[in-house]
Amino acid sequence: MKIVVCVKQVPSTNEVRLDPETNTIIRDGKQSVINPFDTYALEEAIRIKEKIQGEVIALSMGIPAAEKILRDAVSVGADSGMLLSDRSFAGADTLATAYTLSLGVKKISEVDLILCGKMAVDGDTAQIGPELAENLKIPHITNVSEIIEINDSEIICRTITETGKRLVKTKTPVLLTVLKDINMPRLPSIDGVINSLDAPVAVENAESLGANKSYIGLSGSPTQVVKTYIPERKNESIEIKGDSETKSEKINSVIKEVI
Amino acid sequence: MSGLIIDSDACRGCGICIKSCSYEALEMKDKKAQVNENCVLCGMCIESCPFDAIKIEKEKTNGIELEDYKDIWVFIEQNDGEIEPVSYELLSKARELSKERNCSVNALLLGEDISKEADKLFAYGANKVYISEYEILKDNLEEIYVEFLDKVVLDYKPEIFLFGATNFGRSIAPRIAARVKTGLTADCTILEIDEESGLLNQTRPAFGGNLMAQIVCPEHRPQMATVRPGVMEAVKKETNTKEVINIDMPSIKEPSIKILENIIEKKAESISDAEIIVSVGRGIGSQKNLALVERLAELLGGKVGVSRPLVDVGWADQKNQIGQTGSIVAPKLLVTFGISGAIQHLAGISGAETIISINTDKDAAIFTVANYKVVGDCVEILKSMISKLEKKCEKEQVV
Amino acid sequence: MNNNIIHCMKEDYIEYLRDESRTIGRAESISFPKNEEEIIGIVKDMYSKEIPITIQGARTGLAAGAVPRKGHVLNLSKLNNILGMRVDSEDNYYVTLQPGTILSQFKEKIKLRKFDTTKWDFKSKRVFNDFCKKEEMFFSPDPTETSATIGGMVSCNASGARSYMYGPTRKYIEKLKLVLSNGDTLTVERGKNFANGRKLELKTDEGMNIEFKLPKYFMPNSKNASGYFVEDNMDAVDLFIGADGTLGIITEIEVRLLKLPEIIWGVSCFFENESAAIKFVEEIRSNQKDIASIEFFDKNALDILKKQKEINPGFERLPDVDEKMKSVIYLEIHTEEEKEALIDLKKIAKIMNDSQGSSKNTWVAKNDVGLNRLIFFRHAVPESVNMLIDERKKENSKITKLGTDMSVPDEHLEKVIKMYKKDIIKEKLESATWGHIGDNHLHVNILPRDNKDYDKGLNLYEKWAKKVTELGGAVSAEHGVGKLKSKYLKVMYGQNHIDEMIDIKSKLDPKLLLSPGNLFEVGKRSE
């Protein structure tokens, strides 16, 4: 089975702070890591490979330095990585990113299964999975909490829905987005880290992928960020005063408001 | 060519933009800021520049006729014939927005045997209800739904299309957005019409809520957004027009995904998933008072959490413990009684949305994180809250 | 005295009678002062009534130093402001803070550079602005329990895993302000006042001279937090670090920060037999650079963790350890360049493969996310043992964990580990061992099932204290002596030297009111 795992490079923390002098936003966490949600997809792919054999390819779109996270993916068990990197990919929203990733999947070719994390911790959109599946014209299942049976042509898995759980059967090729309950990702061994240094990581650009310029990067992105700001926090707490009767009355009304 | 443009005349070389960049994509050359290949066009530097020297330029490439698109559409999600409350919230929001766009609010209702629900949709703000009733729509299957939605966009050309950010909404909305090649903004918390451009301003949290981003979709239609349940308010108000329009079935292939089993279950039992938690600490005094806390939690439909000292003395079970060594919780509402707020405990509740804390010590550390601070006797307040809530329950039953 | 400040010991305050050692004490009153003035008021009041005072921080100590015997509890957790910042000519940054500051919060503030500077003076604010532009810094002492207060850490000269590279808290304390038992205040600053041989002269802020002889003992040549720090021509500030609250009440601390290394990687190395693990440690210690910590966990500790993981939702996300593995060595690499770290990693692999291990049986964390998982794992070990003991304590209140905190010089590591193992097996006791093996400093924890086990454990403890002293080691390497280990301090130094310590105390605390029971029993002088 040929499995592609989509991974994104994200900063290691989501903290933002204000520069005390200039009052501008500074994002901390310059260390970049694999989006934590994607590590569950990666782990699941490796487990499938260990169970029924196959090949795991980690796929990412990003800046040249994102090659590092593809090596990280290899260090825990992926066979190779593919990085889609080109200045013309910059500024992509989810639609343009999904289009670009779909070109990568097509380049890899004959893919049976695509695994994605539930969402990225920096964007929180959870849109790439379904959008990528649509670009590839294959079905997708979101919120997979367990893969129960799998072979080259069929997968039975459990998903979480609004009202409970669902057991579904799907033919391959298919794209699944997985939840963190699905497994416990492993850490690499020293041998894994050392081997990943020489692992094959292909780098593709817009031209080698044959990308349509109007579907990639900023030009291919229908949405635009107009502004960003740090939300105001209620740091002062409101004190509820009075005798016990008044207090409880007021607390109850606050509760009513909240729920 | 699209990209980040730094106006070298306006740039004073102050270096503020370099600090604002998380991708090390800006550097100083000859006392001017310059962009390198690391740039992902996140736009963070634009806001930071005191001299307005940075902008993102974008070629216009899309040739669609924006004027052809009109009306605000709301996708009505049903599960087993029951409409998800978020759909009503979206309708009410759409009604508000429609006033500024001077357009109709159209509800798209898909399901099996679902037309009986149409009246409710009018009550919350729909002007028209577009409906399709087929057995294949009973289960929310993306492969089938996307064909219906595609048909709607093609035939009716909505200007704005809103979805609830439920599990299904977050799965189907991107699927259709990619199909019709338009923009989609996830999990919006604020939706408003821009006075000048008439565009839908979509504001959403990013970076785990540490940053808010305002997003528009200027050249593509429909402008699509998902909205998390509970963010907007559902407001009942009758409308005059009550038009129901039927939509025919599009051509649909045999789906490759089959449902083997549907298990309907209540939300998970553990406190880490609870929406409402009443938590209690050593300040509750005696073990017998725990019954009061349990009663209050029951009345509020929540779960009981405890701080570590109660587990240590054996009054409560470890599984209910909140904090570093217990569960990390993120409820909508947390009411704490007699919890002083040891740092290990605070680490476990940082995800709570609203915290109401009751404690005798006015300097208790818990008050530094509480939204509502109540200094007073826990047991007295508990008893009084319970009796008030119980009375209310009785009243409602009588009515 | 103002009754709003001093509270009667009601049931509400019952938790302030205990600490992480699970010892429960007694007291008549408690206070939570918010500034030095309040402390002075309380102390003067107690001094006139001759009421003993036990000083508390976050009560995370393991030696019962914060557990009161009687009298007043002075809880400093509300004295937790960060007061200012300074930089020296060599670009070292210093932060002045109050003793109730919590370590984890302090670390977070340094990391995010989020300090509330509204009440800082102009100079501090200016330094802070520069600090924000500098490379990331950190406060290196890292006790596993990060909810400790900095005041508590100073009082027991806390260490932690990274002290293998960076040394204990002592090294990073520049200045202390103290309130003495009579209400006078004393400021000691590093580099300003040295002893003359073994004679030290102090001058209080009020201008009083206090002169005394320092004890004559020599401190062990290993990691040490046992009793007063003394050596020839010592710096006065060192006397008050690790003094267990017996000399004065710390009200202000200046700490020194270090530049955070660019690369911090964690490596957990699993071994199928313990002697291979020890051999590995010795090899790493003599041949490997860039190592900031070397930690050890034995099979029993892993088994207890596994059991707790099954029942405790908080531990659910811990990675599983292969059943075959008998011990774990955790290493942390601190260096400036990734290239160097990779070379280090290759060398570690070689050393591991040469010492009957396999570099395949390792977990590597190359970023904060992975590192946090390994650190959580490390923290979960003592937590899970404590939970197990708490369960047993519910059935039998006498039972507490008997945890050792002894260190020996390098050459005796293997010898003491063998001794611990042999004695535990011989006495048929249950145990779990982990700790800072790089500093030859293991926490051997005896986990009594009944009173008989408990007594046997106590006997072993005393035996080990004697043996460790013979080998030139310390009975407490980082937890401090507190009340639980005072008898072992006596084993280590003998009553004569204990008397010398009491002499110092009686110069600074003539009515012997501060933290009675910590370090020594003042009533039991040999004369």
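Chains: A, B and C, in written order; residue numbering restarts at 1 for each.
Just so we're on the same page, a contact is a pair of C-beta atoms (placed from the backbone, for glycine too) under 8 Å apart; a residue touches a chain by one contact, two chains touch by 3 or more.
All values derive from a computational prediction rather than experimental measurement.
Judged by contacting C-beta pairs, the busier of the interfaces A-C and B-C is A-C. Of all chains, the one whose mean C-alpha position sits at the greatest distance from that of chain C is B. Centroids built from CA atoms put chain B at 19 Å from chain A. Centre-to-centre separation between chain A and chain C, using Cα means, comes to 41 Å.
Chain centres here are Cα averages; for chain B and chain C they lie 45 Å apart.
For chain C, residues touching at least two other chains: there are none.
Residues of chain A in contact with two or more other chains: 15, 19, 29.
Chain C meets chain A in the complex at residues 111-114, 117, 128-129, 132, 267-268, 317, 319-320, 342, 345-346, 348-349, 352, 359-370, 373-374. Those residues of chain A that touch chain C in the shared complex are 12-13, 15, 17, 19-21, 28-29, 31-33, 36, 72, 75, 184, 186-194, 197. Chain A makes touch with chain B in their complex at residues 11, 14-16, 19, 22, 24-27, 29-30, 62-65, 87-88, 90-91, 93-95, 98, 121-135, 139-143, 156, 160-171, 174, 214-215, 217-231, 234, 237-240, 244-245, 247-249, 251-252, 254-255, 258-259. By the touch criterion stated above, chain B contacts chain C in their complex at residues 270, 272, 282-283, 285, 309, 311-312, 314, 318-319, 321, 323-328, 342-344, 347, 360, 363, 365. Interface residues of chain B facing chain A in the complex, by the touch rule stated above, are 2-3, 16, 19-20, 22-25, 37-44, 47-48, 50, 56, 58-59, 61-62, 77, 79-80, 84, 140, 142-143, 146, 166-168, 170-175, 177-179, 181-187, 201, 205-220, 255-265, 275-276, 300-301, 332-333, 335, 353-354, 356-358, 367-368, 370-377, 380-381, 384-385, 388-389.
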